[in-house]
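In the two assemblies presented below, subunit A is common to both, partnered first by subunit B and then by subunit C.
Up next is the complex of A and B:
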């Protein structure tokens, strides 16, 4: 949610009714995806930042179908967020929702996406001869972050939710408050922060090993293509995940199957 | 060898489903494609039934010589002008595929021309690009056997999304059987015409999109249930009357919205605003209209072709085969087999950058 603002005061697209409310801060368009748009504004009081997720009507869709889908998707996303929040999975808090109006207001998560943190970390370190990488460069903070990701994934799956679109762009690094959780020596790094999962637009409630394994597989693939240099560190995510809940080890066994077949489907005519 | 005008000419044989198509194409010195002939004969089964592999294969065998002769006559060229014989290796139905491959092998041996095996899906994509002039579009390939969202990257047509069960055209064809609509000229065409009379109500059907993938079998199941309900004089969930036209309308609106949605997601993912629709279902004007609205909103446009090129044909096999042939690709007689399973992303696309 910390991307560069795409538009300033002049809105490029029609806004949902909530953002035309003079009481809220001028909305800032943060991102535009295929599904909807993300704005930054304030909620209730001027210093409480919030994210408004807006799913505009799709002109190509039959209006009845459009309303039905928007409503169902927003309320399913809200239910998932509520469930996560109740069970202590780090996700943005849900402030308000108008499913028929196509928008929801969420807690604004400060901090960079994990993708940016890892890239900054790798960027500051020269590409070394990989055979001696471990000896030359201390990667403890990266290993530590990988473990935190694994733990958060485990917490998510334990509550019976699969994210459906896990990438390092859909995880934020919420800065630690002063003195909290710092590494020994007290030196902060770009990898510091609590991992917070965002964007539950494709999330579903499921407890099956298969769905959970696919969720991990999607992240594994996204991680390898986004951070090829750090690919070897993904195992720490899985190791930490395996310790989080009772069924986690069997999910990891299933993951091996999923890797073998990929998402590929043999085409029948 | 290019002829005196610098042209290369290929004959293509297609028969992966119920259409037997043979076409002849010429690539001029600049690389532009010129259709010399495009002949097709379709096996049409009675209403309420589908085309079975055995009967379809028999149809292709029975008509192969007639269609080939007609294609040569229409093109007005001598056999000696041909550079290669292209045929569909797959994917498709085994029986029909092998029948046409036998025909292609025979022509190859008879006339002493090299064989070129072609992936059916790549044929559709290349033909669509050649006809519409779309340079690097996201491709929605929708037909009776395939449903894929494809984008080109690094020498391959990559599949971004696809159906998890049956193809969208299969869903339409089978629903046409349920309603016992005519299969002539195509079940999908008749559903489209009937849907134009519907639209007073939009019934509730499942909507199954998962990321960039989708699924149609559950929707077909529910549509069949509603059709059965209609026949016994039942009402819709909200007590409304509905007709076969309303069912066709509802089915089209639902499944096309799914297709447009996954295409839009792929476009956002690869950052493209061009979309090309190929395959038999691509003829549907409602699908083209919906896709156009989505593309317009993204500041782009939709490219589509008509039934001559959307529906399976020999010319697309000739065109894609000739592109490969020009890069030095040939299929040896011993290797000129067919396969029912042949993914689009297995083909090494040497002719593009």
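Up next is the complex of A and C:
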């Protein structure tokens, strides 16, 4: 993920046609996935940053089918974002969408991904001190962040949405405004900020314990592989999650089952 | 000149958006009748200011309308009527005209004129900003607000109407916010999101 954003003057990929129009600054390619690309650009006025998510046409698909799939995926992502935003789940706002053109413009979330925050935090601390929560090194900010993640996940699941691709790269740390620092002592850390969920490309609407448990399980596994040294802290995510909504405890029970067998459900019967 | 002329970021067809706000408009009924008669002289977006809460909301609608025009996806007769439809969170065109468009009772009026300076559909020289302004000020009988600004637009807002039109009553995300300024910011964000989501 260390790829430096490429300037649009020499694009690696053809830009979506909407980004070929004049703007105060050229769009920056931020990320490239299997399904789409993410650009940073501006919306309406030069000082409003936005993220444009573009799903390019797939040459190997029949054009009619391609347009239909792109449309359906973009609009389902937009609907999930709307549902989350109305229910108070922290997600980026949607500014504009052109399902036929394959793009949508989203609020730009300032701040690093949670993955980077945790890595910076761990990187600044010696290897040996972080394996146990009871070491002399103060891990309060990390525990605090884990709880915030659990709370946000609970809010997401309560609205009936499962994310489908939860990793610490798909959560951003939106910096707190001045005076909003929630850690006593006043000193900020790399773990400060509101957790904002991004990338709902694989999200679905579901209320079942099974789907929610799989969602948690995916995050648990992703967390363990990206931050092996902080694995012990994941329990704080689950503890906070368990307090967020009525059915959360039964999701956690289900999670134990999912751990036993893995993400894929038995297809028997 | 009380006209604000602005380009938009990443905007097709070299569009220039002209905006003006009038108080104490006396010929709203006449303007309304000209729109109903589809008089091409009156091809402007005439917007009742009460359900408008920010300049960004207007620009969002203009951008969507311009993009629809440039991708041949207009759902209404022209880009100006499309601006009115783009303000609405639902697909009912008559409803959008009634709620956001001018009515015979309108006194505070926002006028938007979109001029394409680089479009295959509008070849040849296009009117300049002073020309646009002289036409608008001739058509509308009222007191222009000089200069046009976001703050001036906000003074006309009727929040009860905005909340009703954008279905913002009883939204959990808003009830959870205690701070008034933060709640209003969220409300504006959700309304613009509602506009973007129309038709999905």
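Just a few scattered comments:
Everything below uses one rule, namely that the second predicted complex is superposed on the first by the 247 of 269 C-alpha atoms of A that agree within 3 Å, B and C clash if a C-alpha of one lies under 4 Å from a C-alpha of the other, contacts with A are read in each partner's own complex, and residues count from 1 in each chain.
The working rule: a contact is a pair of C-beta atoms (placed from the backbone, for glycine too) under 8 Å apart; a residue touches a chain by one contact, two chains touch by 3 or more.
Source: prediction; values computed, not measured.
When the shared chain is aligned, subunit B comes close enough to touch A:202, but subunit C does not. In the superposition on chain A, contact is made by A:65 with subunit B only, not with subunit C.
Put subunit B and subunit C next to each other and count what each touches on subunit A; the higher total goes to C.
Contact with subunit C, but none with subunit B, is seen for A:46 once the two complexes are overlaid on the shared chain. When the two structures are aligned on the shared chain, A:14 is found in touch with neither subunit B nor subunit C. After overlaying the two complexes on the shared chain, residue contacts for A:33 are found with subunit B alone; subunit C is out of touch. Contact with subunit B, but none with subunit C, is seen for A:164 once the two complexes are overlaid on the shared chain.
Looking at the shared chain after the overlay, A:86 reaches subunit C, while subunit B stays out of its contact range.
Residue contacts after overlaying the shared chain place A:99 against subunit C, while subunit B stays out of touching range.
Taken together, the two complexes place no residue of subunit A in contact with both subunit B and subunit C. Within the complex, the subunit B residues that touch subunit A are 16-17, 90-93, 145-146, 162, 164, 202, 204, 207, 210-211, 213, 253-254, 257, 260-261, 264-265, 267-269, 289-291, 293-294, 297, 340-344. Interface residues of subunit A facing subunit B in the complex, by the touch rule stated above, are 33-35, 58-62, 64-65, 68-69, 164-165, 202, 263-269. Contacts from subunit A toward subunit C in the complex involve residues 18-19, 21-24, 27, 41-46, 48, 75, 78-79, 81-82, 85-88, 93-101, 107. Within the complex formed with subunit A, the residues of subunit C that make contact are 7-12, 14, 56, 59-60, 63-64, 67, 71, 73, 171-173, 176, 189-190, 192-194, 196-197, 200.
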